[in-house]
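Each in structure tokens, the structures are laid out below.
In the two assemblies presented below, chain A is common to both, partnered first by chain B and then by chain C.
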Partner chain A sequence: MVFELCIRSARALFYLVLLLPVCVGVMGIVLPAVGYFPALGETEFSLTAVHRLLAVEGLPKMVLLALFTSISATVIALLCTIALLAQFYQRPALQIIQHGLSPVLAIPHAATAIGIGFVLAPTGWVARLIASVTESWQLPPQSSLLYDSQGVAIILALAVKELPFILLMALGVLSQPHLKARLAAQFAVAQSLGYQRQTAFIYAVFPVVYSQLKLPIIAVLAYASASVEIPLLLGPQNPPTLAVAILQWFNHIDLSMRLLASAAACLQLLVTAGAVGLWLLAERVAKLFFTGLVVNGARGDGARLIAFCAWLTASVMALMISVFLVSLLSWSVAGYWPYPQLLPGSVTVQHWHTAAQALADPLANTVWLAGLATPIAVVLVLLFLEGESVAQRRQRRYFTVDQVLFIPLIVPGVAFLYGLVWCTQWLLPGHVWLPTVVSHLIYVLPYVFLSLAVAYRRLDIRFINVASSLGASPWQVFLQVKLPMLFAPVMVAAALGAAISFGQYLPTLLASGGRLATLTTEAVATASGGSRRLTAVYAIMQMLLPLAGFVLAWLLPRVLFNPAQRHHTGAK
Partner chain B sequence: MTQAALVLDNLVVQQQKQTLIRLSTCINAGQIVTIMGPSGVGKSSLLGAIAGLLPAGLTCEGTIWLNGQNITHMPAYQRRTGLLYQDALLFEHLDVAGNIAFGMPRGNRGQRRELTQAMLEQVGLSDMAARPVTTLSGGQQARVALLRTLAAKPAALLLDEPFSKLDSRTRQTTRDWVFTQIQEAGLPALLVTHDKQDALATGDKIIEVTPC
Partner chain C sequence: MTFTSKRHGRLWPLGWALSLFFSCLLSTAATAGPTVQFFGWGGSTQVNQYIQWVSAQTEVEFGIRVNHVKLADTSDAVSRVLAEKAAGNHHAGSVDLLWVNGENFAAMQAHGLLKDPWVNQLPNFSLTRPGDNPSMTMDFGVPTQDQEAPWGKAAMVFYYNQQRVKQPPRNLPQLLLFAQQYPGRFAYPLPDDYLGISFLKYAALVLNPQHQSLMYKPVTPAALAQISQPLFGYLDALHPLLWQQGTYFVRQASGLQQLFSDHETLLSFSFTAAEIPAAVNRFDLPESTRTYAMEDGSLANVHFLAITYNSAQSAAAQTVVNFLLSPRAQAYKQRLEVWGDETVLAVDALTQRQQQMFTTGEHPAAMRKTGYSRLLAEPHASWADALRDAWYARYGARW
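Right after this comes the complex of A and B.
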């Protein structure tokens, strides 16, 4: 059976992609950290690198900054999510919020950082608005949240990025067929017992949702504790967060700094583990406190406060995204634009021309990388899910994967990617595309799986039964029934996968050794050095590309595998 | 002794070693045997066992003979046991003709098309070939579903409450038509229902099952 063989190899490959690079990568930083780095002639085990790291000035500050920003951002994003859900659960507004926030998910971290930077900049649009309305701030303000030493700008950007993710994951849990009706009923019961709707949601529904939300939250927390783009573009530089410092040490001209960087990457693993550990601890404490709160009989606790927080969150997000877009758009076409004028003195398309010339190659690379990584991921995920459904029918146990999926998302990229690069350079010297595509695949695969699994597992099994009883072999059922029926979710998963690939900064930079420029690497490079106008163009391009993918994913299922469309055009 | 077309020899469906339903029966070509009983006794699981499509967690024991061949351990798609549910379950990514062609064995393209058209004409749906299935009425969908099943040239038919979602008028005409088709095709059929009218309309053997 060829199909059976395909399914088996896809399954093996699936786990290989998720686990092998991470394991190899971690090995590749642990060994140099303890002094073993043959490329530099270091073969004696020693703790010199660790001692050097501990002697670095400002190291505690770097670690604390990483912990503080990541935990604060996640707490804020989670609390805002709870407030939004509690206030708008089972109300039409929730759908509006969902539709409004979904696109934010597809904006790459780099573009988010650039946009927030524009919002907060002392000569940015907000400052100009205040200046033109209030007569104060006629000169750009001296202090700004940008690059502040406490990392408030980082927290803001991380929270803006995390909120839609946590919210959409929660909505996914709430819409699960076996939970939806039960939770709605329990919500109704709690209200009939005299609890206000906000309190009823938090007491009766949210605990169930949280238990399934835990892993995604830990993933965003882990990501935040080691993220590079946002602190690099918005955070303090002296000292920066640990992850940014690692990036600088690894890229240092002095190659011996690599040993120090490896030791720091190991420390980053500990920091991320520490952030997750602190979260789990806080969760326990919160649970103790919460249980007492739930059964104390108070029924209207904080309903007003929750409503206020929900509306505040919704308005701040809406305002932020609007200012973000307006800023980017106006800077991208701005000619001469002195402070504090609200609008540019002149409009020009020159920046777009410059960008079009400079970005031809990076754009092609970006599309190629996504075009290679995404189809591989989609095929692997489809075959994996098919294997799962076949195993279920044959009453065989199938190793559940959902936890494994989060491994590449939890282990910091800034740690394992360097080790991985070191290994691939040793095994495949001179290769650029292969390691880069693989490093993209590591991140694309989990998201494609998360997006596709729900629809795949939800498909009415009777369609498959009917097809088999009509004589269709498993391969035919897969190809002629399942794929066409799931065409729309497959396209959405592919668009998401492509969006994830488009946004990758660190994997592209490291795996290609800086030799493959993409839209994202160019945007970060321009933002940290060059012109604000060109940066705006790059950030907009970064948002347009995933948008194009999602539009395609929305359009294609209307045309393909849709007899209604054919019938309609035939009738004309 | 001439053997019946479909023979269930002490067929038992189990859920974790616990017996859900047990049945031994012979069904001749053209005969429709009805299984009646309250919901939850595993009537549908029994059909699943015969079709080779038991849901996860259920197992079966015993032997299933179809035209003298032991099909107990055959994969579902080789058993040639046509299956009809209460929903028509037409594939929405295919039009009406496409659904019927899906059931048909491989062959000459023109012949397949002619055969599809002939089948549709037979049931008064000849102008519907290119229609999206979602535009069909419930009764029309039920007819297309049976045509699709018959196109696959099954050796037996398994009907899982196939009329329960139709309104009372469509229900009777569809039922009569389905039963006539089965008798004309000379197929052994097993009907699962909790509707007395359906059972009586077969004019054939009725087996009442009770929870084990």
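Right after this comes the complex of A and C.
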């Protein structure tokens, strides 16, 4: 009975964590936007802030830049995913790509921005290579892809970050047991009808995949339309994307700017909604066009183009990631490295030494935040899923809305986090850890759920039936049958959750008011600082930490709970 | 088979891990002694390391930890305290100690965000000989009224790569000629940044030799018009010759160093002369970097430490400031390999042994002590806002 109560309260808490902060946060920006802000003595409703916002020079450009960069990046990432899948579906290369791209998923946005900045910089390797080969360019070129007013650098970085996510999500869909065989059969039929394999994939397999991919894609798009780290480090300044402007306005010394910022945050909500709306509209149009294509009877069109795109994507990604990693690594140990030399003149561990001293506290904070948020998320998700499976067994309707999970992912953080911070400062003045852990939890919870739900729902119900028939209580079944069997997926989900927590920039910065320095906040801070070498070390550390989590998640189940292994040795 | 406690054995590693986790949690939480939240600009590795050293010292000596909250801009902390005051948080503020000077101090004083006079009570403050050194009690033309303690001195210096540039500009008109000779190879930060606004002040002072006195009084519209006319004439000519043709400005002073390090710019400047040899030692600047001061003047000022009115750790913060003013902490700070920030103590007035601590090393990239031709005092604090607003009005907002 206690267990039942736990399950029920976990379910309530689960929805509470997903919804309450977002709702409170949105209220916390809508009210100031319409002039209600008691802390500043504003208690009359008025549209002054909105008028002030509309009078901001370059506002349309900011909105357009946010829409343009996010939609372009998502389209590029999706098209590249389709090309890769169409070309390599059912081929061994797909697994290589999957293994190659998975680690990229764990790279935080800030580290991606830093790395891409290194690659594109006028003194990056590309420029150095051109300079050495052509023996021109005594000095670095004056124009670069960074900070361009069209946001090309932003698009590139966002696409690099989104592509692995969309691809891995698609691969997850493709590997679902009930879909796998059906899709393979459809694929075979389409090929037997004379379609090239690439076209067969796009016509017969992809539509099914897309229907399940839609929500993750929208989440990615929504995130991109309001992301802060990448446009802040790589984007233009006059004007920047709306989200960056909001960040600057909220942090402005003139407190009345907060009203303007709140109005802008409301606008950001509309912009994000607009980006999603445009996507859905484009999807309709594409569907019409696509339906015509599928039934026009033409065979084999575009197979070569697709193959070309796929190889191009694969090689560009491979090249980009390797240049990215090697640049970071070489800068992190570089002594003097004048332009245009291709290699550092000397190698030193001094930067690592410096970072080790400076990062002790941020590292501890990072690990603590993840160490607090992740177990809470895992426990909540496990109890939630257990409630779901209990209800299913009893043939009761259980109110699960997977869509709710996407709410914190779709509502822009830059919009609701400020409102949330305002409320927590009012309710819990002086607290640092609690609001920060909660703000991490908002983002960790959905990912832990997405990662764990598949395995949990797939668990063979006969184990539970057998255990129950042997007299085990639901609690015993949960603790002694399910958890050990699900130990590996739980660890993976925890590692993912920790990785998400490690990468949080805005939630950490805002909720802690800058008092909890983490690896990510320090990395963003040094990225605009003077030492490229130190920045490289920070970015590498940012990648190593989630990697360590995943390695642990992979190792622990082998060491601790491995029923198959035990059975195997027992049989000897 | 029944479900008995036997099977619990399998869960022991998990339980062990959990208990370890929580015991760690408890031991961290149990660390005794107050922590002073020190908000200050965090863009310099040396400064950050120095504050870490300070924290280690104060923890041993007084059981006080100093947590450095690294800011990109000090005004972030000011707006935080202001927000706390607006929200009615008068006793448990999140900011204890603040590294400020000039306009942020003036803004905090105007809004009543500073602790009541306290500096005179510090035993070590007398070592600065405030009676003989008016700059210890004046901050950008505003009396400190005992509400901020001096911490260090700085002056603006320029640096160049002697392998690529033979003749660096020696004054502001020459700087424009330099930009014409090497287009795109000079940059200055946005005026939101202290170094950006300092460049504007330097240019304004030097371009208005007849009217400099206007800038040492609170700004008036007429004075601003007078001062900004030659300033904007100069900048109009300079901007197209800047890095990125002046369409993109670095946000922070430290960004300038990276541009120079990448050879994207060939001339740069700083308000912390000692950071240049340190950056050379860290490989962040080329070995052939040389530092010098402009002949038409170097903007110079003292930087200060303030305690907020709502600090929860006011007493501990004062202990920390007194330590920061001790000969040991000041001498360590002045060492070239540490920070190189010039001491505010009147070294002549110290004991022989204390004076010996202040001998500093030499470095080819370091600024020579005698290298300054003439020091320009900071204009009145009100000028910063006025010049900044005028700059944005003329050259467009940047975020």
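Just so it is clear, the second predicted complex is superposed on the first by the 560 of 572 C-alpha atoms of A that agree within 3 Å, B and C clash if a C-alpha of one lies under 4 Å from a C-alpha of the other, contacts with A are read in each partner's own complex, and residues count from 1 in each chain.
Following the convention adopted for this analysis, contacts are C-beta pairs under 8 Å (C-beta built on N, C-alpha and C of every residue); 3 or more make two chains touch, one makes a residue touch a chain.
As the structure is a prediction and not an experimental result, all values here were calculated from the model.
A.B. asks: In the superposed arrangement, which partner chain does A:Glu57 touch: chain B (first), chain C (second), both, or neither?
C.D. replies: Only chain C; A:Glu57 stays clear of chain B.
A.B. asks: For A:Pro338 in the superposed arrangement: first (chain B), second (chain C), both or neither?
C.D. replies: second
A.B. asks: Does the superposition put A:Ala245 against chain B (first), chain C (second), both, or neither?
C.D. replies: In the superposition, A:Ala245 touches chain C alone.
A.B. asks: Of the two partner chains, chain B (first) and chain C (second), which one does A:Leu255 touch, if any: first, second, both, or neither?
C.D. replies: second
A.B. asks: Based on the superposed arrangement, let me know which partner A:Ser528 touches: chain B (first), chain C (second), both, or neither?
C.D. replies: Touch status of A:Ser528: second partner only.
A.B. asks: Can A:Gly514 be said to touch chain B (first), chain C (second), both, or neither?
C.D. replies: second
A.B. asks: Is chain A touched at more residues by chain B or by chain C?
C.D. replies: Result: the larger residue contact count on chain A belongs to C.
A.B. asks: Under the stated touch criterion, which partner chain does A:Ala358 make contact with: chain B (first), chain C (second), both, or neither?
C.D. replies: So A:Ala358 only meets chain C here.
A.B. asks: Classify the contacts of A:Gln142 with the two partner chains as first (chain B alone), second (chain C alone), both, or neither.
C.D. replies: second
A.B. asks: Who does A:Gln425 touch here: chain B (first), chain C (second), both, or neither?
C.D. replies: second
A.B. asks: If you lay the two complexes on top of each other, which residues of chain A touch chain B in one and chain C in the other?
C.D. replies: On chain A, the overlap between the chain B and chain C contacts is residues 467, 470-472, 476, 480, 484, 561.
A.B. asks: Which residues of chain A touch chain B in the complex?
C.D. replies: Those in contact with chain B are residues 392-393, 395, 460-463, 465-474, 476-477, 480-481, 484-485, 487, 561-564, 566-567, 570.
A.B. asks: Which of the residues in chain B end up touching chain A in this complex?
C.D. replies: Against chain A, the touching part of chain B is residues 48, 51-57, 59, 75-83, 85, 87, 89, 91-95, 98, 102-103, 105, 130-135, 148-149, 151-152, 154, 158.
A.B. asks: Given the complex with chain A, which residues does chain C contribute to the contact?
C.D. replies: Touch list, chain C to chain A: 1-3, 7, 10-11, 13-14, 21, 28, 37, 42-45, 48-49, 52, 67, 69-73, 75-76, 78-80, 82-84, 86-89, 92, 94, 107, 164, 183-185, 243-244, 247-252, 254-258, 261-264, 266, 275, 279, 282-284, 286-287, 312, 396-399.
A.B. asks: Applying the document's contact rule, which stretches of chain A touch chain C when the two form their complex?
C.D. replies: Answer in residue numbers: 39-40, 56-58, 121-123, 139-140, 142, 147, 149, 236-240, 244-245, 248-249, 251-255, 334-339, 346, 348, 350-351, 354, 357-358, 361, 364, 368, 371, 425-426, 429-430, 432, 467, 470-472, 476, 479-480, 484, 513-515, 517, 522, 525, 528-534, 560-561.
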